[in-house]
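Here come two complexes built around chain A, the first alongside chain B, the second alongside chain C.
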Partner chain A sequence: MSTSVSAPPMASAFGGWLFVALLATLAAVPWFTGSVFHFHIGIMVCLAGMATGGLAVIAWVGQLSLAHAAFVGIGAYTSVLLVTRLDLPFLVGLPAAAVVAGAVAYIIGAPLLRLRGVYFVLITFALNELFRLVMLEFPGISGGSSGIAGVPKIQLFGITLAAQWQVYIFTLICLAVVMALLWLIRNGQLGRRFAAVEENPALAESSGIPTARTQSLAFVIGCAIAGATGSIMAHYVGFVSPETFAFQLSVSYVIMLVTGGRLALWGPLVGAVFLTPLPEFLRGAVEYQHIIYGVILIAVLRFLPQGLAGLPEQIARLRRDQR
Partner chain B sequence: MPSDLSIRELTVNYGPVRALHGVSFDVPEGQIAALVGSNGAGKSTVLKAICGLVEPVEGTITVGGEAVAPKPGAALRLGVALSPEGRRLFGRLTVEENLMMGAYTVSDRRARREMLERVYGYFPRLQERKRQAAGSLSGGEQQMCAIGRALMAQPRVLLLDEPSLGIAPIIVAELGRIIEQISRGLGMTVLLVEQNAQMALSLAATGIVLETGSVKLTGTGHELLASPEIRAAYLGH
Partner chain C sequence: MSFLIAQSIINGVILGTLYLMMAIGFTLAFGVMRIVNFAHGEFYMIGAFLALIGVNWLGLPFPLALALTAALAILLGALVERIVFRPFRADELSGMIASLGLAMILQHAALIIFGPDPQSFPALVSGVYRLGDLIVPQSRALTLGVGVVILLAFYVFLMHTRMGRALRALVQDQEVAAIYGVRLEIMYPLGLGLGVALAAVAGGLMAPLFGVSPFIGATPLLKAFIVVILGGLGSIPGAALAAILLGLIESLTSSFVSASAADIVTFALVVVVLLIRPAGLLGRGEA
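Right, the complex of A and B next:
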């Protein structure tokens, strides 16, 4: 029995192609239906997939951040302020969002990452609240509780992405870039270093791996991805407020990650594809949304500890055991 | 004979409890030394002190004449590698990835490959299973992988913590032979920390017996194995 972490979650090459074909079909659905609503959902899936991908990088070193929404928020505000106050183009705001979110992560990561497990989760929970409260305290920057409306649309080299399908293509490309980055990290020396720190920090440290620096690096990369996501989100939705990036958003990223598969490469994407459309289709039953999320989370933790991305492998193992 | 690892008057407290009282011993270069003693004698504390995981109240530890600072990683920089007791591997990484992690501090790519070949030479079973997740190996194979991982750092001193723990007797004998080959073949200094006094003392040029935090006896492995005191206390004869 071999369960290598570096092996793809798919049971076979055929399964892998099936998975890719399925994703491509799903991604093409809005064009078949032509519905603006479906394009909107597609964009939200891409954004959620990117943010959750960032969260996955942090999870690969064994930390679970409940402040991920705050970093999405930092990115969003960075980009919005640069574009609206300084009249800089979106293509400056986007990388700046990633850099600022990553820099904040670097600064606060040093003391925070000394904590492990539930203590890190708790401190990041507090951090997300802190972000929200601080932003509410400075309405001159954040627009206070009424936020900043009328954020200009995404503009690339003078072309404004006015139509939904244009934004959708742009977010698909961004998602592909994030997934490619995750793939590169995962299959390189850095990914093995992350896995070693995640699995056995004491042994990693005694092998000479700088565990503190490794965790900090993962935290910076993950939060920078969150920041970039925030920038795109703000310019697509056209509105930001401190409440947009409240604790609930962090929780949904965590639920997507765990449902998709915490340690699998495709986990964040699968989680986003599966869970983002749910609340959109359940608008009529908003009051049950969190109950449904909770039930899904419990079911996944009970029956699919590797998440949905681990499902093919689990089925393959069941078949082998029966034989 | 010059000594590679030298412990002088090492005293360690855990809160109000004194775990080691002035422990001194030397491990001669290129030889195997066995540190034996029953549960709670202080064997693991000696290792922790060498690796900088506990701070001694008194005493010095020197490797190749240089003092080891009481900080994690300090001993590693002076060429001491530890194969720890208990959770010894990265279970989800493959055997080869585990081994390569051991060579993290070795920057020369070719040296790493060469060492990997050597480790596979000592442990052919690891080569057969190199793409397998380390967590799926048997206990004995995991121990081999842990020793191999420590070797990959190309240490001058190899510390082995309870390599025989939880392993079938026939594999223990095989491991013993391989440890001897490694020490002889690479001229490596080995400190073997064991509850299995029989196995450890039969391999060792030098034996140190710890009892309740103090050195009770030292001698060559064969002397200690023959000593009636040791036979009565540790070998059950």
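Right, the complex of A and C next:
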């Protein structure tokens, strides 16, 4: 499945600005309402958007990882342990989280990425479970099933981000950085290489693209982003446990990615913006939340294979066909 | 020591039989339709609830409740194939993601209907069989017996009936099977229906031992996964071998090391097998 078909340049430029304006308005909502709760949701959207963005990079080379939560977990634990055990500042913990998650991805990536399609999904599923079980087995590191509570708040240059709005601004910046990185990859030579590998690995290999290294690079970048997200998440929530990073979290990232658009640049962001606040709008019907998630997932797969991000394009095509 | 080993082996075989019931349906769905069904465990849960409704609410005898459970599960499976999976026939990955959604829907529907609390199921038999020093609880022996009978019946169906032959032909090669007159629009729903019915019957059988709640599907799904990966996706003999192997490994590791070590050992084994031989022990090389 390829997405490289783009809308006419005029329409896409206008649509692009409209989209950015819409996003900026959405991002500003918590300041209008001034509600702490809305800031919290905003932060969760940013974190989900970052993690799903990492998953998207892996998806761009044609692999779907169900171990993404484990890499978020690796980042979270790296940062938490560095900050609490070694008294290092958060600004060391955050990059360290990304580096460690990326390094783990690099080491296990080589044998892992030989598998394709459902086999890759299956092995990443098994690895996520393995991560959870192994972490539970070592309570000295992970805090066991009761986890580690009282993780210190995010601290930047001696300023503690105690208020929700401060954290929100920080996560917005981080999200912007991740999206900028994704944009750079997408529009650079690397992105074209990724797309070639996704579309037809054999052809890509024979035209001189080192497919194994390309996939490994995408996997490392995606997992490093997940690790950084984990670090921020842990210091914001103040609590980590192996159960936080279970299979269900991986599934929710996959749902966001697929709903937003598996191969689109804005897919992960659209998915996170659309699905993260959804439970809050369903307050009266919390128990239906997961059912609605499931229905949305299946409906999007069925009727919008390019995800919500591909919706404008699909509508445009419909219009063209009618003319 | 030898007594402990023998006891562990007996427990391992019992576990293996149960895993096999879960795994055969799962591997059949993959073999026939190329669907990795993450919702397979939820059908185990549904089977347990159906049996509970039959026995507790309607006062049916257990065998009748189990038969009804199987029949309803076949219908439900066929329905799910029609509504959820049919559009994704050509696309393994989308079908798998759709099954994640289906699993969420089924589990939380059960949560809304039955509530989160585990419900107890009346014991069918009590007491133990003794063979020298070895102890086998009668309830487990009964489950084992019924499980083996169902598996044998399924084996006969697959090997010696027209429909079973059609299913096996589909597993081998869809296009050729279709050319030879296997009717896909009947065999696909039937394949998934039978597969989830096996899971549902396993759920009904297990209900008296482990209780019933909306969350009981997760563990059997995991076991089915492990068995099927070890045995090879789509391979039924592979599933049989791997199920018994897994039962024995789990039982022996948990008697001699610890229960959590058993989990880690099996998952590590899965990772190793996938890396060295992605097609599984007896699967066909295609990965």
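One rule holds for everything that comes next: the second predicted complex is superposed on the first by the 304 of 323 C-alpha atoms of A that agree within 3 Å, B and C clash if a C-alpha of one lies under 4 Å from a C-alpha of the other, contacts with A are read in each partner's own complex, and residues count from 1 in each chain.
Here, a residue touches a chain if its C-beta (ideal position, glycine included) is under 8 Å from a C-beta of that chain, and two chains touch if they have at least 3 such contacts.
This one's a predicted model, so the numbers in the text were calculated from it and none came from an experiment.
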item: Contacts of A:A195 with chain B and chain C, given as first, second, both or neither; value: first
item: Which of chain B and chain C A:L133 touches, first, second, both or neither; value: second
item: Chain B versus chain C as contact partner of A:F125, first or second or both or neither; value: second
item: Which superposed partner A:E205 touches (first chain B, second chain C, both, neither); value: first
item: Partner, of chain C and chain B, that touches more residues belonging to chain A; value: C
item: First (chain B), second (chain C), both or neither touched by A:Q314; value: neither
item: Doubly contacted chain A residues - partners chain C and chain B; value: none
item: Sites on chain A touched by chain C in the complex; value: 64, 111-112, 114-119, 121-123, 125-127, 129-130, 133-134, 136-137, 251, 254-255, 258, 287-291, 293-298, 301-302, 305
item: Chain B contact footprint on chain A (complex, rising order); value: 1-6, 192-193, 195-196, 199-200, 202-209, 263
item: Touch list for chain B against partner chain A, complex; value: 51, 72-73, 76, 82, 84, 87-94, 97, 100-102, 104-105, 131-133, 135-136, 149, 153
item: Residues of chain C touching chain A in the complex; value: 36, 84, 87-88, 92-94, 96-98, 100-105, 107-109, 111-112, 222, 225-226, 229, 233, 260-261, 263-264, 267-268, 270-271, 274-275, 278, 287
